[in-house]
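Next come two complexes, and both contain chain A; in the first it sits with chain B, in the second with chain C.
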Partner chain A sequence: MKGKCYIQGMAAISPQHTFEGDSSAQPMVAGSSNMLSCVEPDYRTFIPANSLRRMSRMLKIGLTTALKCMQDSGIAVPGAIVTGTGKGSLQDTERFIKEIRDYEERALNPTPFIQSTYNAVNGLIALQQKCTQYNNTFVHRGFSFENALLDSMLLLHEGAENVLAGAFEEITGEHFYIKSRIGQWKSETVPNNALHEHFSPGTISGEGAAFFLLDAKPSDKSYAAIAGMKTLYKPSPEKPGTALQQFLQQHGLSMPDVDLVLTGSNADSNYDFYYDVLDGMLQLPFKHLCGEYDTASAFALWLGAKMVKEQQVPAQWFPMLQQQPAQLKNVLIYNHFFGEQHTFMLLQSI
Partner chain B sequence: MEDLKQKLKVQIIEALNLQDTRPEDIDDNAPLFGEGLGLDSIDSLELMVLLERHYHIKVEDPREGRKILQSVASMAEFIQSKQTA
Partner chain C sequence: MAERVFITGMGMITAIGDNVAGNLHNLRLLRTGLGYTRHLDTIYKETLPVAEVVHTTEQLHELAGVAGMEGYTRTTLLGLVAMREALQQAGISDVQDEPTGFINASTVGGMCDTENVYFDIINPEKSGDFLKFIDTLDCADCTQRIADTVGLNEHIATISTACSSSANALMFGARLIRAGVLRRVICGGTEALTRFTLNGFNSLKNIDKRPCMPFDQDRNGLNLGEGAAYLVLESETLVQERQSAVLAELRGYANSNEAFHPTAPSPEGDGAYAAMKNALDMGGLTPADVQYVNVHGTATLTNDVAEGMALQRLFGQQTPKFSSTKPFTGHTLAAAGAIEAIYSVLAIQHQLVFPNLHFKDKMEELYIVPETRLLEGYPVQNVISNSFGFGGNNASLLISKYEG
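For the complex of A and B:
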């Protein structure tokens, strides 16, 4: 991908206090189960009550994050709305399916069906902001956010301005149970603040939304530049190592030039070996903060951009941090989703 | 009839998640759409589903639906006419 793009505004709702106030001053939220849930704000300050009453949780989380992001950037009507989600509103999907069974395919309520469609959040953002521009949602499992970001970067390259890019995901008790049957979660209960002390099969689940207002030109308020992104699908164990070297070379960098790597390491002994390619680099994991989900890389991008802007790692969220990095000029994100979809993203200071 | 209207109001509040509305806030004859409760077209579909689920009445003709869903009183009259038919 040629050319950088710049984060002009951003917002995140996550299992941490990332939405309101000075998130750097907030302590880490520690859960007591393997299912991390978002810290939700008061939606009434963002969404009219008459609209709010019909929205399910995911729609409220997604729409509110997008609105806060636009508020942060000072842009009310974006040039495009591009999002990614692995599963959309699970709560609505489950409700709709249950009603099909309970009412024998008759008397079906339209609301959960409408809201279970993946592009419902995009539609709400467009309606609320009266935005009639390009509008697209990518649903590609562990690459959902990456493809939304790639599309956003291509739009900027073609001359679009102020592209709103984002991702949203939720977990429900039902879905957690289904995925536990295929061994995605740890069999023992592990609190998120002790995740990296429990190296065993499976991980903890999570959810969240993160939105970014992107532009091709930097400004005084830019958080960071997204210098590049590379994705690998089901690579061999050796492939990420060579791909990383090439990726850094393409940006005129080598491994010692990277000040910090945010890794998707999630204490899952089945797939953690991929992160061995980062040996020798300063690394910090992020999934003890947000849990594992299809679009967790969007949370990593929010976290990385915040660190680059503030030139500081929020120490209270990273008990494993021994020393603050001397600088945060080049921050690499390496994440993969259960060993299948791998992503490198490079953030640079302005 | 009064009992039916009261029951309908509770069902409408629940089905449409009208969080700050109590049954006594809904006037029997006030329009449900536009003014009054300010409901919209999705709500009208939800009310059709309510009639089917709770009263086993299916409204086949959309033009008929407009008249039936005018107010709580018109809904109650329609339900009663179907039940006595």
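For the complex of A and C:
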């Protein structure tokens, strides 16, 4: 996609203290298992109590993050709502599967079925904000948020304003177990703050939601510009290297122009080699903060935009940082999801 | 100037046919695909009608050209059958001869197979063959399996907006073409019957125990169906370059949200009205230019009132011929938008209006009634195809005859 878009507001709920107050002043949250869970806020300030009672966890996390993002941008009604989620509300899906069995298909409560539909969060945001415009939900593993972002850029290109783009994901104990059966997680227990010291097969799981209010024009409020994005599906080992060169070139850059790369490196010895193409660039990994999940790139975008805006790396979250970068003009994100869906995103300061 | 978007290939499988020609044949014979399931393990086997694809999953492996291969869910296989036909019809022997996008749609991914092994998967004491279905839990699995089997690797995505999913897939593909991101995108959706969705809609009291009766006063809900459909979309430039045979033009489209209720449409059909109106505006046409509307027409109490009101608001006394083809195919959820887009193209190609089966009495809320006869030789130039879903997600497509 040609043309930049600008982040005019944003919010994130994650396993770190990213939602309230000055997140830069917060210490890193360190878990004790391989399953990182969100630090959840008090939802009552965002959602009326009677609605809250009926909503499952994923809906609360997704809706609240979206509402906070709107608040942050100062826009009441977005021009479109586009989201990505790999798995939607897992709790509801699991619950409905079980209730079908336990009640032998009789007298079922429809609520978990309704909330398990992947576009349930989008519908709720539209309902709460009275947004009758374009509304779409992408559900494709490590390309879920990426396609939502691409769709948003298309909308801005077509003349839409104030597009709300976001992603949400949850992990449950049951799903964590399921994915452990195909080796997605490390067999040894690794606390997230020690993740990068445990290079072995598998990684740690995570979850979170991040939303962005995007517009085609910058303003005083802009956090950063999203200058471009490139996705690669199941690339050959050589492909990311050449694709990265091309991607940077398209934006008039070469590797030394990139001030910092946020990498999806997650200490998984099965797929970590892809990140070797970044050798020689200043890199910081981010998955010790959020864990691995389908839409972790949305967390990276939130983190990158925050750094670009503040022109500073939050040092307490990055113990591996030796010194602050001289400037944060061009920040690259390179993430992939278990080696299949690869993404480059370029953030630039305003 | 944005590029025009043309439909150059179509492939499908439904309860009434394994390919486009088979579907057309049975549409003309007024042959419904509704019956009782032979493949789904449910207590509603003999009470809730469904429109099931006749083949067993093993037979679908054969049809899809992947006999003996493992890990393909019924969702994937249905999709693969439709994809192969679409590619063949578009004259594409190598999908990589032009960067080609694949925008798929799914509501519950491989649930049809995972729901049968789910309790083994979560049981640490069990191990075995079923583990190959672990990755089929999500919606991306079917998309990637289909993409990998035919070699699509340029840009892939899966959309899930309930019953409007594949209409949104077509729209997203068309927008990628108009923005110049890609020149060829294959769009559509695939859906297999599952206990999960059957019980979901049944728990909402949305399923009729009789064959569904869209737009009838006595209607009492939908019947689920399964199937898959893909359409090859090409930019005008590529059509000229490849000398592609154009089947129809995707001239307009619109997506709107009602912001009314999580599962029910507004009684006045605000979202349906906005979607149809905006699609027409985009295509530079007026209501008088439309000869046929392939309605969403699920036969649920609320959909048909809302959609009917929207038709009356948009077209008034001059409402064009309209019919729901759901009594043929059942409601195929994520695949419905693409299946009905193909039916819309067929209506244009063969100058046909399909009948709305099972209609007897006019709804008391409406003054319009659907077309109940098969109309041959009917001058169809422009068709609106509607898909409306949970979460207030509405989508309308405007499909037009290609006139160079």
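Keep in mind that, in the parts below, the second predicted complex is superposed on the first by the 350 of 350 C-alpha atoms of A that agree within 3 Å, B and C clash if a C-alpha of one lies under 4 Å from a C-alpha of the other, contacts with A are read in each partner's own complex, and residues count from 1 in each chain.
Heads up, the rule we're going with is that a residue touches a chain if its C-beta (ideal position, glycine included) is under 8 Å from a C-beta of that chain, and two chains touch if they have at least 3 such contacts.
This one's a predicted model, so the numbers in the text were calculated from it and none came from an experiment.
**Q** Between chain B (first) and chain C (second), which does A:Glu104 come into contact with in this model arrangement: first, second, both, or neither?
**A** second
**Q** For A:Asn135 in the superposed arrangement: first (chain B), second (chain C), both or neither?
**A** second
**Q** After the superposition on A, what does A:Arg53 contact: first (chain B), second (chain C), both or neither?
**A** Only chain B is touched by A:Arg53; chain C is not.
**Q** With both complexes overlaid on chain A, does A:Thr343 touch chain B (first), chain C (second), both or neither?
**A** neither
**Q** Looking at the overlay, does A:Ile114 come into contact with chain B only (first), chain C only (second), both, or neither?
**A** A:Ile114 contacts both chain B and chain C.
**Q** Please work out whether A:Thr231 is in contact with chain B alone, chain C alone, both, or neither, and reply first, second, both or neither.
**A** second
**Q** Looking only at contacts as defined up top, I'd like to know whether chain B or chain C touches more of chain A.
**A** C
**Q** According to the stated criteria, A:Gln91 is in contact with first (chain B), second (chain C), both, or neither; which is it?
**A** Neither partner.
**Q** Do any residues of chain A touch both chain B and chain C, and if so, which are they?
**A** Common to the two interfaces on chain A: residues 106, 108-110, 114.
**Q** Within the complex, which stretch of chain C touches chain A?
**A** My answer: residues 42-44, 106-107, 115, 118-119, 121-122, 124, 131, 134-135, 137-140, 143-144, 147-148, 153-162, 168, 172, 175-176, 179, 181, 195-196, 199-200, 202-204, 255-263, 270-271, 274, 389-393.
**Q** Under the touch definition given earlier, write down the residues of chain A that touch chain B in their complex.
**A** Against chain B, chain A makes touches at 49-50, 53-54, 103, 106-111, 114.
**Q** Please give the residue numbers of chain B that touch chain A in the complex, ascending.
**A** Touching chain A: residues 16-20, 38, 42, 45-46, 49, 52-53 of chain B.
**Q** In their complex, what parts of chain A are in touch with chain C?
**A** 1, 81, 86-88, 96-97, 100-101, 104-106, 108-110, 113-114, 117-120, 122-124, 126-127, 129-141, 143, 147, 150-151, 154, 157-158, 174, 177-179, 181-182, 231, 233-234, 340
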